[in-house]
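Next up is a structure, given as structure tokens.
Here the chain labels run A, B, C, D, E and F in written order, and each chain numbers its own residues starting at 1.
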Amino acid sequence: MRPSGRKTDQMRQVSFQRNVSKHAEGSCLVKFGDTHVLVTASLEDKTPPWLRNSGKGWVTAEYGMLPRATGERMKREAATGKQGGRTQEIQRLIGRSLRAVIDLEALGEKQITVDCDVIQADGGTRTAAITGGWIALHDCLKWMETRNMIKLERVLKDHIAAISCGIFAGQPVIDLDYLEDSAAETDANFVMTGAGGLVEVQGTAEGKPFSREEFLNLLDLATEGTKQLVELQKQAIA
Amino acid sequence: MRPSGRKTDQMRQVSFQRNVSKHAEGSCLVKFGDTHVLVTASLEDKTPPWLRNSGKGWVTAEYGMLPRATGERMKREAATGKQGGRTQEIQRLIGRSLRAVIDLEALGEKQITVDCDVIQADGGTRTAAITGGWIALHDCLKWMETRNMIKLERVLKDHIAAISCGIFAGQPVIDLDYLEDSAAETDANFVMTGAGGLVEVQGTAEGKPFSREEFLNLLDLATEGTKQLVELQKQAIA
Amino acid sequence: MRPSGRKTDQMRQVSFQRNVSKHAEGSCLVKFGDTHVLVTASLEDKTPPWLRNSGKGWVTAEYGMLPRATGERMKREAATGKQGGRTQEIQRLIGRSLRAVIDLEALGEKQITVDCDVIQADGGTRTAAITGGWIALHDCLKWMETRNMIKLERVLKDHIAAISCGIFAGQPVIDLDYLEDSAAETDANFVMTGAGGLVEVQGTAEGKPFSREEFLNLLDLATEGTKQLVELQKQAIA
Amino acid sequence: MRPSGRKTDQMRQVSFQRNVSKHAEGSCLVKFGDTHVLVTASLEDKTPPWLRNSGKGWVTAEYGMLPRATGERMKREAATGKQGGRTQEIQRLIGRSLRAVIDLEALGEKQITVDCDVIQADGGTRTAAITGGWIALHDCLKWMETRNMIKLERVLKDHIAAISCGIFAGQPVIDLDYLEDSAAETDANFVMTGAGGLVEVQGTAEGKPFSREEFLNLLDLATEGTKQLVELQKQAIA
Amino acid sequence: MRPSGRKTDQMRQVSFQRNVSKHAEGSCLVKFGDTHVLVTASLEDKTPPWLRNSGKGWVTAEYGMLPRATGERMKREAATGKQGGRTQEIQRLIGRSLRAVIDLEALGEKQITVDCDVIQADGGTRTAAITGGWIALHDCLKWMETRNMIKLERVLKDHIAAISCGIFAGQPVIDLDYLEDSAAETDANFVMTGAGGLVEVQGTAEGKPFSREEFLNLLDLATEGTKQLVELQKQAIA
Amino acid sequence: MRPSGRKTDQMRQVSFQRNVSKHAEGSCLVKFGDTHVLVTASLEDKTPPWLRNSGKGWVTAEYGMLPRATGERMKREAATGKQGGRTQEIQRLIGRSLRAVIDLEALGEKQITVDCDVIQADGGTRTAAITGGWIALHDCLKWMETRNMIKLERVLKDHIAAISCGIFAGQPVIDLDYLEDSAAETDANFVMTGAGGLVEVQGTAEGKPFSREEFLNLLDLATEGTKQLVELQKQAIA
């Protein structure tokens, strides 16, 4: 029995609120239950040094948590003077995931920075950030298309969505909230495209090792879950 | 004529949304027009080193801006590795302002950290942070009172509210938005208590110097404006 | 009664010693009683990035304290790895104050860096730095005029001087020393031009809030004080 | 055809050289072909703050690369002033993997730090570090057992070994060297116990997404590969 | 012929101005010609962690240069965020040199920090800092003796003085100024006690290597020079 | 009697293992007894900013210690966020020493970075790094000559070798190991060319001051020792 009363294959209520920023080219407030992430996609007329004069653009991500997004207040990373290992790991994951569906040549020599700031955390912030990040990125590219800078369909090749799964109380479950996450035996994150292809798979045994069969159960849950998320993305941008 | 069409003594629409955080003891989303600041007040069972065994508590503030809170994306301070001078100046101001109405002995050996994160910026973020910070701080103290940790009325001595004023196109105006702020000849911030006492006064000539008379005009506007803000705070916590 | 026996409107002994540096284009050892600040103005043939090819120059300031300038030795900021919030706040104030009387276009694409290093502190270091900084800046511009780089009178539009005032033991007093400063109920700094215009006004209630009337008393003291400081500057450069 | 001429399921020559450090309680120079990692396990009579008085110990890992371990010299992280995101990600992975087979209560309030320094890199440094790290950790625990500090078999619950697999030129292959790694379509790392349990699974699509079937092929290769590595570990400590 | 017209064995005018700081327990403004270093010795009632409960004290030194102490303005180390290699090398040398004549057990569990800040540089700042540092340290210990904290003669075992020598235009010369220093073929620093013992010897070939004979010539010059400096120290504290 | 049983003028077993790196243009694993330093020389097609368009190249060195190269594990400098004073002092010494035998004009606008990483420490790491660094540098230059980039004999003017000497138990001894080093009364390092010229001399009294005669004894030992080291270098590159 899950603390929230959800069924093992039941995700939390997911919503995307678009255009929440007056300034950003694309933006989205994404909610997976009590996990709320504010995502902005910012177009910049530059590229990283290693792409200069290559004709290719870049999509990168940054991730942060407000200090009291969590149950205990955490130290502000700007005040401690560096981004922690967890932060860097997550923002690298978000960036790789979004780039997996972008044609960087079709984008041209521009950079889009996707900022994912966790307003409130209740487990699954990185998967919410990726899933909502796709909406903000889509809207930024739409903004560019409106100005004849790109062809949206040539740059954005597919949807991308992410979900966590884990083994909680001996059961494979989807979309863990904080209570489940902190007690799970195994914790995994999956990033998949609209066409069902895998982009990132990350599984970690928190307690005892997991088996091939258990891992496949998680993969099955994630496959179904990301399919639903992609459907919700389609409704959101319709 | 102000860009927004407001009268010289007319503030923007101000609102306080309380209890916006699932985790924080007190929280408030404060809006001054398009300036939106998310404030959380976090109770911690510790005090800074210099107050150990003094019987006194502490209230401190931290301030941050999401990278795309502004028209141009700014670098994330956590990534650059330090808080800029402007950030530090503002968070010191917020902390001093809030402490001005707190009886630190009545609080006892606790620390309350007020985090002010600018979600969207359109001028006046520091004054919105102070004004909304008072709400979050009030609610945190209320939370403590409910648990018999303090007597609210002994700890919180008065209201505190802040407003910017400036000379724009030769006219003294209140509550400058970004367009006005970037073109103002003089820019000032005032922090006042519910009883009308001054706690902080900061005026800067951006272009030519200002006169005593001009400064008094700004002070008069601010006196009236903070009175209205205190009234709105009272309605918000009613 | 002030600890030093001074009258409420009596400043400490103020002196400017010019040309104290063998290397700097302009330099001044300024003393306000036991507060001693060594100021150098350094001409550099560059401008900050945002002014490139604008035809305009820049004046900026840096501030530091020797570790044992104070009663208790403070940590060396170079060793701790960053400038504290107070340091940054002060050096931003000095820079803004000096730029208020400079015509940056008439200066041309040069940068002058005014370094203010507190050799000994006894209250009022920032106001001494601004007042002495004007002398060093003047002498640097004079050095440039001698070499036909600028016209001094076109670049330097007016004098700038600064003084602290505060409410000590219930009385408005001028030019607080450390003993007064640490016990003052209200502490304010004023920066004014030779023509009597206000450039910066900063007032802070250290204990209870202050009233409009009290603040005007401080402003009156400062107006008289900066007038005297400008007179002393004129004698110094005569 | 693999650049090295290896078969798709053929690992590079793997060797463990024990006791390579005069000082460390456990040490190992592990080689996977031209990838050479020097691992030391250092016993320290302390634990991290959050474990004080818990009776539990800790195993942590740090990872570094000598600047010219790679084809192009990389900047020394000590000189740039921080560990990059990749470094932090890898050392977190190593630490989690080794802790998966340690009974922290049986270890008692001690910390073992496993330093993994890449002397020469040719792909697969993280998997070599984990696999060789197990040897160094084993030898450190053996050193402790000899001094009656612990019972080795109670602290060290199983073997741990890691291997990379990927899809190169359309084929699933094991133990990618640098040439393969930089051209692979999919890149995955697997960490498994001696009993065949999964501890960490990480797969990333570098080019196009991968399918469930492709991922299972990689998992099968890894299962066989880690079995061989565990066998080699057993021979090494025999 | 030396640029300054001095003879090869002629030092610059050396002076010690004592008690230049209102706050420090010992202080000295030392001048070697145009090289001016302000030294303060600060007594602190603590010791570094590794001496806790050892009954022994510590003497340490910190070194800094004001940004415009030199011909070209240098970046402020507090602003760049770290002390450069040269700064650290010099402050370690000063600390070691002063400790060479201190009986740390007789000092007891106190720390004296000797801050050496270069107000103006013209070559030989480290040797001036050591030589003047001895005066400040002596005066700090005298201050302590007056308060019955120590016996001066038991703590301070001897004088310490330092001088630079070098080979300039083929000639061994003493006390190089900046012009000589930047053109010298060999540059050496010597730290000697009042009894004539060597404490530190540092010689560097800037251009071609130097011979044993040349080095002995420098040592002879230094032996005579430090003898004179010790004599001047004796006069200064008389 | 030395702890190792060596005679006072007897160095430890010294060996140079060339070409230990698959990637570096020059490399050497140098051993002085139990002190092992891995040195790589990396050719980069750039020069430091101050040499741009000067036609001259540069040779620089970096130094590091693996955390458990020593008896007690030391903190990893990359993790603490800066290189310590000792590290910077040593790498500056290595760079100066190697440049002393390089004709930077004959090298042309290239930079060679010599990385010296201490794998295992037992005293004398800096002198081993310099002596082995010469081999790596030689091999890098040889690599360049093979590609017609330079003439080796025009760039590399002489051998360079370094050795430590000290006064241990009242006796002058050569090549101190850690046990001797930590108990020595005087500790000195000498860097000499193949022709017998002195490049660096550094002597420090750890306990009581040393005399001119004692220092000359050390210099004599070092002269003989570096002669032997140069001989070993010649054999190594033969």
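Convention: a residue touches a chain if its C-beta (ideal position, glycine included) is under 8 Å from a C-beta of that chain, and two chains touch if they have at least 3 such contacts.
Worth saying up front: this structure is predicted, and the values here are computed from it rather than measured.
Chains that count as touching both chain B and chain F, per the definition above, do not exist in this structure. Traced through touching neighbours, the fewest hops from chain D to chain F number 1. In this structure chain E contacts its sequence twin chain F using mostly the same residue numbers, the overlap exceeding half.
Between the two copies, chain C and chain E, the Cα superposition rotates by 180°, quoted to the nearest 5.
Centre-to-centre, using mean CA coordinates, chain B is 50 Å away from chain D.
For chain D, residues touching at least two other chains, in rising order: 81-82. Chain-to-chain contact here is organised cyclically: the chains close a single ring, every chain touching exactly two others.
One closed ring of touching chains is present, and its order from chain B going to chain C first is B, C, E, F, D, A. Every residue of chain C that touches chain E in the complex is listed here, in rising order: 21-24, 27, 34, 38, 40, 42, 44, 62, 64, 66-71, 73, 76-79, 81-83, 87, 113, 115, 117, 119-120, 122. Residues of chain D that touch chain A in their complex: 82, 84-86, 88-89, 91-92, 96, 100, 188, 192-193, 195, 197-205, 208-212, 215, 219, 223.
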